[in-house]
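We call the chains A, B and C, going by the order they appear; numbering starts again at 1 in every chain.
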Amino acid sequence: MKKLFGSLLLALLLLPCGAGIALGGEELGGTLAKIKKDGVIIVGHRESSVPFSYYDSAQNVVGYAQDYSKLIVEAVKKKLGVSELTVKLVPITSQNRIPLLANGTYDFECGSTTNNLERQQQVAFSNTFFIIGTRLLVHKDSKITDFSDLKGRRVVVTAGTTSEKLLFLMNDRDKMNVQIISTPTHGDSFRSLESGRAEAFFLDDVLLAGERSRARNPSDWVIVGTPQSYEAYGCMLRKDDPQFKALVDETIASAQLSGLAESSYEQWFKKPIPPRGAIMNFDLSEAMKDLLRNPNDKAFQ
Amino acid sequence: MHWGLFFEQAPFGGVQYYQWLLRGFAVTVELSVCAWVVAFLAGSVFGIMRTLPHRAFRAAGGFYVAVFRNIPLIAQFFVWYLVVPELLPGSLGRDLKAMDPEIQFFILAVACLGLFTGGRICEQVRSGIQAQSRGQLSAGLALGLTLPQCYRHVIMPNAYRIIMPPMTSEILNMIKNSAVASTIGVIDLSAQANRLLEYSARPYESFIAITLAYVTLNFTVMFLMRLLERKIRVPGSTGGRHV
Amino acid sequence: MFDLDPLLLLQTAPILLKGMLITLKITVAAVVLGMFSGTLLAVARVSPILPLRWLSALYVNCFRSIPLVMVLMWFYLIVPQMLARFFNLSPLTDIRLISAITAFTMFEAAYYAEIIRAGLGSIPRGQTQAALALGMTLPQALRLVLLPQAFRAMAPLLLTQGIILFQDTALVYILGLGDFFRTAVTIGKTNGYEPAMILFAGLIYFGICYAASRLVDSLKRALAEQKRAS
């Protein structure tokens, strides 16, 4: 039994590697070889990570991170020297994104995934494309202004996020007796807050702003609290695939250095966005400005 | 395979991973037991209504069965979670949503799973009642019993004994259906499977352990019901084995 | 909250229909494949070969004790690579659809097996003996005499199981597969009409399943009448 599962697991892990395909002197391996062989690239995306990767009203996937995904697909085409590549989109959640990448259901994702050392044991991350702080979204009339006010309150988090884990840890450490609700998507979490089920929503500040932009009355909701962590978003790739990672890193770095990233930022964070033309009004932070000047793939923790 | 995983420290809660599994098991059992009480009561009441001579009662029973049997369980869960609190009169909905989420989701899940299963029990109860010859009822009435007394003392005791075997499979079905409650935030066994997978990054161990927990639960219930069946079988009958 | 915009339904009708198509695809595939494998399992269960009987019993009892939710998660999170290789799938096929169809087929096979076994059990033993006495082999007897009768006797139950399956397909929600239910919920979420869209989806399922179960009821009555007449 042990042996059988061991070898099955091994087969699963080795499968994406496939055989190397020679191309213009350089040997293709890993994900790129797989894409070349199949003629298909499978891109993971989020369903409600506003404004990074989410559905517009016609159920198309759009967003700031989705723009990077498109750039990466173009870069892959160029690298493989093909004019046509079929792009297949697969929706993922915070909870299943790592298993589904590992089992080969999709090839890479750019959404709202934090690059941290713990996850690096299972997957690889590209250059950072966004930097966030984890904070709280609350009703403007609520008495919650910081994390110390959460004692005994009902707080919603999205299952599988770093905030979920942080909240559980905080609860243990400070004996806060927070009642925790975990939901599958950020949209579900926000609806818990909006409907009065939860009194606060703990997540990355920019995603909170994204959810707020979709509220019935955005002005009712405020983002509060000292950031509990600063985190770097990267595109998530399979581990041990340096060739593909180099391509993705290069794509992101050149977008950041050429000013393309900044104009994309304008579009998603300063102007009306789908589905209902809300405006995020989220200024470029100092950390982000620094990132755009010095592209890197450093994890914060 | 790394089964030592379950004795490793979980990332929070100050417990080991196996305690997550046990906690999920307990929630699944609690949910199943409570939902069964609701299902048994609702199924009996509406099942009896479907056999009464009054047209209005029969229609109400039929309506109950039609509604709860013809809508997917997950849709029913979503209705209880998202729609019902908004429809409750006065501040009831708000009070419900302000409850401790763990208790709140549990109550909603018990109501949903109980009434859903009740729709199935209802049909069993009805067939258990109708399987008895009409003479039973006439004899009871002739002896001067009222209709409720007849049901109470003559018809129902027999009906329950007749429908024991199909009831067993309904209980087993209900335990399995309880896993759908994880979609509205009940942290039962199946929800723990996802959590284990996420935090331990050990898919096979996590899923095998959870699956075995369900199998164990099912076989235990099956075994207990067999014992019970044998004990209360109507003497001389085959136990009314319907297919 | 419940002020569903009729225009929205009209605009999103094509997406909803596409979702319904996926629901129907899964249902039909799982009914056909599940009934086929269920028949094989049932035959194995009554076969004279002991290990075959055991294997069949083991399969049926195992799948009947695992929640469908768990079966779906197994096939989605753990084994899709194996599925893709096993069926030699093109990378373009939606692995979630294949996962769902495989999971439902394997799950339903156990339930169909029990129904068909009960059907076989309801045929008087004399029939088997008569068929064998006529010089038929056991497989011939099964194919020509026993199974047709079992299917006929169990037709209402087999169809009812199909209706249950149709409802159960809504569980692919957890795979993120856009069937009718998930599509309806997602439309509701993106446009702020979630409760209304859930009720709408429930109503559609109700209409279809209620009509189908009435049809099964009348079939049941017709079969009973026929039996009484013969």
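Following the convention adopted for this analysis, a contact is a pair of C-beta atoms (placed from the backbone, for glycine too) under 8 Å apart; a residue touches a chain by one contact, two chains touch by 3 or more.
Everything numeric in this text was worked out from a predicted model, so none of it was measured.
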Chain contact topology (line, ring, star, complete or other): complete
Dominant chain pairing [most C-beta pairs in contact]: B-C
CA centroid of chain A to CA centroid of chain C, Å: 36
Averaged-CA centre spacing for the pair chain B and chain A, given as whole angstrom: 39
Distance between the centres, which are taken as Cα means, of chain C and chain B, whole angstrom: 22
Interface hub residues of chain A, defined as touching at least two other chains: 96, 99, 191
Shared-contact residues (touching 2 or more other chains) in chain B: 82, 86, 194, 197, 203-204
Multi-partner residues of chain C (at least 2 other chains): 77-78, 194
Chain C partner contacts - residues on chain B that touch it in the complex: 66-67, 69-76, 78-79, 82-83, 86, 172, 175-180, 182-183, 190, 193-194, 197, 203-204, 207, 210-211, 214-215, 217-219, 243
Residues on chain C engaged by chain A in the complex (per definition of touch): 15, 76-82, 84-85, 90-92, 94-96, 176, 186-187, 189-192, 194
List of chain A residues in touch with chain B within their complex: 1-2, 5-6, 9, 95-96, 98-99, 121-122, 154, 159-160, 165, 168-169, 171-172, 179-183, 191, 195-198
For the chain A and chain C complex, residues of the former touching the latter: 8, 11-12, 15, 38-40, 42, 47-48, 55-57, 59, 86, 88, 90-93, 96, 99-100, 103-105, 187-188, 191, 214, 216, 275
Touching residues on chain B, where the partner in the complex is chain A: 1, 11-14, 82, 85-86, 94, 97-98, 100-102, 104, 185, 187, 194-195, 197-199, 201, 203-204
